[in-house]
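Chain IDs A, B, C, D and E follow the sequence of writing; residue 1 opens each chain.
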Amino acid sequence: MNAQTQAPTTSRPPAATGAPRMTEALVSAITAETGIATFRTKSPRRIEGTVQADALHSFAAALRSRVGFEHLSAISCVDWIAEGEFELVYHFWSYRDSHLVSARVRIPREPGSMATITDLWLPASFFERDIHEFYGVVFQGNTDLERYILSDWKGPPPMRKDFSSRDFAHEHFTFKDYEPTWDELIDGGYHGQKRQGEGSDE
Amino acid sequence: MNSGIGLIVWIIAYPFVSFSLGVLLGGYGRKLTARIQRRVGPSWIQPFFDVVKLMSKKTNVSHGYMHDVAMMMLVGGTLLTMYFVPVPGFHYFSQFGDYIVIMYILLVPPLGMALGVGQTANPNGSIGIARALQMLAGYEVTFVLTFIGFAMKNGTTSMYELMMIQQSGGVATWGLVTNPLLGVAALFCLQGMMNEKPFEVVIAPHEIATGPMTEMGGKYLGMMFIQHLINLVVELTIYMNLFLGGATNWFEYVAKLFALFTLVMSVNAVYGRFRTDSALRFFWKLPLPMAALGVILIMINGI
Amino acid sequence: MVSPMLFIIAPLAAAFLMIFINRRGAALALSLLTPAGLAILGVSWLPATLVRAQPIVVASIKAPLGIPLSLDALGAGMAILVAVSSVLIVLYSSSYIHRGHHEVRYYAVVMILLTSAFGLVLTRDIFNLFVFFEILCISSYILVSWEQSGAALEASFKYMVLGSIGSTFLLVSIALAYKAAGSLAMADIAVAFDSAPRGYVIMAAVTFLFGVGVEAAIFPVNSWLPDAHSSAPSSISAILSGFVIELALVVTFRVLNTVFAAVDVLPLLQIIAIAGVLVGEFSAFGQKDLKRMLAYSSISQIGIMLFALSLGSTAGAQAGLSHLLMHAGAKSALFLIAGYFILRTGSRLIDDYTGLGYRMPVSAALFGLAALSLVGAPPLFGFFTKFQILAAAAATGGGLAWFGIASILSGTVLEAVYLFRVIRVLFAQPAERSRVEMDLPALVSVALFTALVVFGALLLPSLSSMIGPIADGLATLH
Amino acid sequence: MAEKELTQRTAWDKVLANLRKRSLWMLHYCTGCGAVELPPTMTSRFDMERFGIMPMVTPRQADILLITGYLSVKTLKRVILIYEQMVAPKYVVGFGSCTINGGMYWNSYTTIKALDRYLPVEMYLAGCMPRPEAIISGFNSLIDKIGKGEANSWKDYYENYEFYKKNQDHVFGDIETHHDVPADGRYFGILEAKR
Amino acid sequence: MYTQALLALPLVGFVVTIVLQGTARRSPAILKTWALLAFVAMAAVATLAFPEIGDTYTGPMVFGSSLSIGLTDLSWWFVMMIAGITVLTSFFTLGALRDTGTYPMYYGWLFLKVFGMLGLVMSRDLLTFFIMWEIMSWATYFVMQQGKEEGREAALGYLVYAIVAGMVLLGGVLFIHQSAGSFEFAVITAYMAKAEFGILLASVLLVLVPFLIEAAVYPAHGWLPSAYASSETSMTAYLSSISTRMGLFGLILFVFSVFGLKAIDRIGISAHLNLRTILLVLAALTAVLPTYTALFQHDAKRLLTWHSIGQGGYMLLGLATASTLGTAGGLMHIFNYMTYVALIIFSIAAVEYRTGTTNLNKLGGLIVKQPVAFLGMLFGIIGLAGIPPMNGFVSKWFIYRSLILGGYPFIALAAFIATVGTIMSVYKLIHNTFLGQLPERYNDVKEVGLLMQLPIWILMGVVFTTGVFPGLILQWIAKIQVGMGIVPIAWTLGGVAREAGDLNMMVVTAVFMATFAVGAIIFFIGGKRRIVSQYDNYAAGHFLNKDVPYNFNYNFYSAFDHIFEKLYHDAPVQTAIRNLGRFVRMVADYVRRFFTGQINTYAAYYVAAVIIALAILKEIP
């Protein structure tokens, strides 16, 4: 993981010109320009493929400058706890061709670290802070990974599968002992305790 | 009731009469607005309930002695104006101060409120006061021009004498009839003086959280309501004395009050709100030239 | 009583004696004592001359060969002024002129200048007037070029060229006069010119006016003055502005008024005077160099004096002479203080004097007082003299007089601004506050000059009794 | 409310309460999905103003603090600051099941589950979200309670402030609201100055 | 005997202060106490001089006529005002002026200025008037130097205006002396009554223009703001309260008693279009435009100096109507303005003494720390805005009534527009200094010492009592009006009697106190209230603390700024005067080129001169 540490050069790329291309043309263009052949058409106007973690930065740079995908619309994260991996999905969008490219990256759960792409897109730091706060993924090169949504949260990153929100809620908050009286009127005998019994999280 | 015991009794009773008139007017205004919006609307004496609730609040919050003194100055100022404005049967005090005095006493409550709001140290309040003072340059200037024209025409600045002159010839000699330009211009200004929409930018709830009243809670808001209600009566009476020939008996007085208030509230119910500078531009583009033209006409044939 | 001839002989003798002894101490003592003695002489003669003029017989040779000299009230007054001023200025020079090698020669030339000054005042013979005029000019050229710097030499050269043009014109005028009158005595010439043809007299009058006028700094011909006064050492500029140009002005006006009485030259003089005032004030307004600014101010003040004299009325003449006295005091003080400003800061630009007021408080205060009097702020002496001039002008009335009043008033506005711009710079925030006050002798002389200006008003009663006969010395020549 | 409390009311208190109940001003803390129910209750169809109930902008002027949905730990801090800025007598009305028992966010790690552990709640309006009719009937019962002088939950905040403070600290630690609640209680005579 | 003593005392003071100058560095107290004692003595002598009103004393002979001084009703009124405000200012500077070391001749020039003003006010002939006028304007120039660094720059600006005024006045004095034959006022009045129109017009203009410049009337007001605002604060109070009114005194003296009203009214087409109408229009402009410039100022002192121009406009409005009520209003406004502007500036000085700044954007919330200064400013601004029960209202009432009934509706409107402007800028002043949040850095500010509080208390008393009992002042004004040849005002203790109009300030104030009491009763009916800290404030749920700046001071009247921005920044008059300055510099540069420095041009001048002289002499016979 060679984390680029030079100051983020966020010069905007020149707007792509020329006629909008069709999906197949785009797939071939991506494979040609970025040298990664895993990209297939997933559905009309959506292209998908997998990229190695350390190859992502150069892929993104190439995609942006040479293929015309100027807009990084989102970075999302999936916690495959079974395989012990996080899956980061980078979604790129092209204004001219109005196509979405989703690059899937797998990183091991334990160090959970990934190179930042804030040097290409400054707004990327917003998504990376979000993922860091809720999954604990550390993005090298991102200077401020400070918590901003759960400002008073003391516990572990809550969206990780190994954290059970329900157990935390039960042990941290106390519920009101709720004895409804209106149910006798409706079906005469359906007393509250049945509801207490089985887990009600489905 | 201009001399002796009758005077003393009236001086003590007048605030209560004026307050209850104000409550009726306030209730009627909210009922009228509701009806325009096809709603049932609150009870006829809803302002009375509001005042009672506010005055009976237990843990009032103050920001300093000037905040308290300002409230007393507020209510005191409006009552002072009330005593100096002649009403049917009572014009004892107008021999000690003419309309110029009244015009300046009208400034005492806003100044009192401004000082109190200033001490509450809330920027919303300060912005509200800044807007109120700027609006002053809009409607007050035009209203004064209409008064100047009228006073110059009749050679006196005393409101009581102006009233008597208008009553001398019945409806034909009302200010509104003899000088329509001045009367109509003054009507626009009345809308501004009453702080009703479209000139309600001072207490714009959405932008600056009711402006000056942001930090006024409990009995402070109660006293502001009392002042507002009495002020309704006083300002309508001023317009009536200057342009509608005042009132010879109380029925005519109450009728004119409600008629004027209906006009003001109906305009208020259907209009949006001007920004401060667009309100000022409005006042300087329409009512001011109209009043100036009226005054010039008076100068030409009057003098 | 000692014969007035001493006025001419004493300084000459002192000059030669100094050269002979060639010791600085002796030279300084001599050049202090002679003018002091002459001042006392003048004061002793003053009451007599107030009654009537005292003719002086030289070596018992009668006219027309002898040189007619006479000391009248005006002469005595001017003599006292010249003598007192030169005592103070020599006192100032003792600490101002650095102990150079030919300091003795400096004092000698000053003495010769004094001789010519007294001579001009006493002479009644037109050729004799030319002789003294030449001595005056030459000694001025030498003194102006004293600092031997490039600017000084160039200024004195320009002064010499203009001076010599003036002398030639004066000679032409004397030739015309001699042809008409056959005699060089002014009295005879006056009688001759009454009967001479008008064109002839006009030519003589104009050539005479612009002959001596050069030295009197009359407007079109005074272009040498700014360079000469600003590059001369300050003591010399004080002498020049203090009494030399005023002396020349008085002499010119007296001769024009008596000898060339046939020609009414007054309106011309008024026009020249007003032009002088305006040009002087406006050019002084834009100046950055202090001494040059004061020089232009002298031009405008001369214009004011000439305007007063040329009103033609006795009130105008009296006002002009009292203004002359005030100007001698105020302008000398300003020039002398400016000298020390330059000495202390080494620069002649006003902007370099920031904060000097805190480092030289006394001199800055004296500068302020002199400026105040020059501008005419009551209760200083300058106010009364300027008020008298304007009152006299108002009395004569007429479009030209009121235009003159207007130009003097607007000139005063400009003068106040540029003088007090200097004071603002003086009292601005100083870089450092170490005291660098003037040396004692200089301080004493400047203080005395300023005292004349500040307490001049107290002199008014005594002055008004003497000013009558002095003023009519301008109109009659006996 | 202690029984003794009710009977002590003088005739003047009864009259005052009946007048006071006719004018209630609401401050909505519009969170969750309850806020959208209020416009219909205020406009011409249901017209809440008939009962003298009006929306107000600042806490100083409001009597009712309407919490219209779930409260996260972060927003609870603001609500407590606003509640303490209101002028007593003040009533908190919990709106919808989220304030009662956490509602559909019952298992969330960040929403609070029961509003009345942190603030003295005068009345809950059950429903996910209650319809305007329910709101009107709820408010009417509140008006009756005020009329009868039973709506004194605001004294509860002063009387057992430690309970509320403990719960608040448990959730988000100390905050600076510039209010010394027990001192206010003693000053205004609510705590009879004994504690 | 007292009159001469009155005039001599400041002169003695001036001389002694110069002598004491040396001690100023070591112990300023000696100098300050000496100045205070001298001024108190002067005030005492002024009051004792009351019986000597009417007789004149001749001084030294100058230019054939003797300088004469004497007291008249008008001059005694001004003498008392000068003496009063001087004592108060010197009392205030006892505490306020910490280091007279940096103001070397502060008291010296103050003495000379007082001498100039007293002489001007007591002069009984034209020459004394002019001499005293010059001494006063020079002393003012030097007094202004004593402030901060930019004070000297502004003082030079004042000097230009003052010297122009002085010279035009000198021209006027000469012209009048020449045409009327003497400096005596009586002779001049007699002459002007029947002088032919040209001479009358010329002498009136030559005399009135300098007074308008000195009184900072509209076109010639450029010098005042920077000159007064940058001098030392208590001097700003002194200058703006009495110094600008000397121009007005000259105006009153010359229009009403020297030229006489009949002569003045001969200038003009009809009763409605004469010199006084022009004065009225100028006064209206003076009242309105500077007040709305004051609105946008960020510095408290500069805001008030703009007001001193504006209020000068009011005084001129009153005087120019020349009606009984109008002149009474104008004269009383001079006194009223003096009291409440000194009050406001003293409280600003108290604030500056403690916080070190008068920048309105940096102050705030000081009411908690300096209540006395707040009270002083409150009384002051109520007076300045002209709201009952303070004295500002009474004089404004007179002026309005005379304007409305005198048939000048639009000028009355202008006066009211100015009042609205005053109220706006006055509220901004007190709001930005005393109200709003108290910044952290002013936490340890304390109230000013008793020495500085005393003048504030005294002036508050004066502003209130003369407001409630205007009769106290009106009785003197009635006497003055008799001297001015105007029907004196029918005054009562509370205001004006029935037939001349309706004003009884006693009743208005009594009713106001009663209603205020009713308000207080209502207030105490409500529940208990507790004073909370300034951070316990509605901020839409945001937590306030000391490092959250929560004040609304900057750009207070944004709507006005938005509308009048262009007009405010390049005011026509200021640019005109700047262009005039540039024109003079250009002419100076052009003329300087006459002296080229080459000798050949000089020789050419020489020959040209001779030829021209010959030509001229040929023409003139």
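We take it that a contact is a pair of C-beta atoms (placed from the backbone, for glycine too) under 8 Å apart; a residue touches a chain by one contact, two chains touch by 3 or more.
Values in this document were obtained by computation on a predicted structure and should not be read as measured data.
Participant: Give the chains in contact with both chain A and chain B, ordered by label.
Facilitator: A chain counts here if it touches both chain A and chain B, which gives D.
Participant: Which is the least count of steps on a path of touching chains running from chain A to chain E?
Facilitator: Tracing touching chains, the least step count from chain A to chain E comes to 2.
Participant: Count the smallest number of chain-to-chain hops linking chain C with chain E, moving only between touching chains.
Facilitator: The fewest touching-chain steps linking chain C to chain E number 1.
Participant: Average the C-alpha coordinates of each chain, average all protein C-alpha coordinates together, and give the chain whose average is closest to the overall one.
Facilitator: E
Participant: Is the number of contacting C-beta pairs greater for A-D or for B-D?
Facilitator: Per the contact counts, B-D leads.
Participant: Quick one: point me to the chain whose Cα centre is farthest from that of chain E.
Facilitator: A
Participant: Taking the mean of the CA coordinates per chain, how far is chain A from chain C in Å?
Facilitator: Distance between chain centres: 99 Å.
Participant: When the centre of a chain is set as the mean of its C-alpha atoms, what distance in Å lies between chain B and chain E?
Facilitator: Each chain's C-alpha centroid was found; their separation is 36 Å.
Participant: Based only on mean CA positions, could you tell me how far chain D sits from chain E in angstrom?
Facilitator: 60
Participant: Show the residues in chain A shared as contacts by 2 or more other chains, in ascending order.
Facilitator: Residues of chain A never touch two or more of the other chains.
Participant: Please set out, as single numbers or ranges, the residues of chain D touching at least two other chains.
Facilitator: Residue numbers touching two or more other chains: 58-60, 85, 184, 188.
Participant: Quick check on chain E: which residues sit in contact with 2+ other chains?
Facilitator: Residues 527-528, 530, 532, 536, 538 of chain E each touch two or more of the other chains.
Participant: Check the chains against each other and report every pair that touches.
Facilitator: A-D, B-D, B-E, C-E, D-E
Participant: Using the touch definition up top, name the residues of chain E that touch chain C in the complex.
Facilitator: Chain E reaches chain C through residues 62-63, 130-131, 134-135, 138, 141, 145, 149, 152-153, 155-156, 159-160, 163-164, 167-168, 170-171, 174-175, 177-178, 584-585, 587-589, 591-592, 594-595, 597, 599, 601-603, 605-606, 608-610, 613-614, 616-618, 620.
Participant: Applying the document's contact rule, which stretches of chain D touch chain E when the two form their complex?
Facilitator: 58-60, 77-79, 81-82, 85, 175-179, 184, 187-189
Participant: Sort out for me which residues of chain A touch chain D in the complex.
Facilitator: Going through chain A, the ones touching chain D are 150-153, 155, 158, 163, 165-166, 168-169, 172-176, 178, 201.
Participant: Could you please specify the touching residues of chain D with respect to chain B in the complex?
Facilitator: Contacts found on chain D: 16, 19-20, 22-24, 43-44, 47, 49-50, 52, 56-61, 63, 85-89, 184, 188, 190.
Participant: Show me the residue ranges of chain E that touch chain D in the complex, using the header's touch definition.
Facilitator: Spelled out, the residues of chain E in touch with chain D are 527-528, 530, 532-533, 535-536, 538, 541-545.
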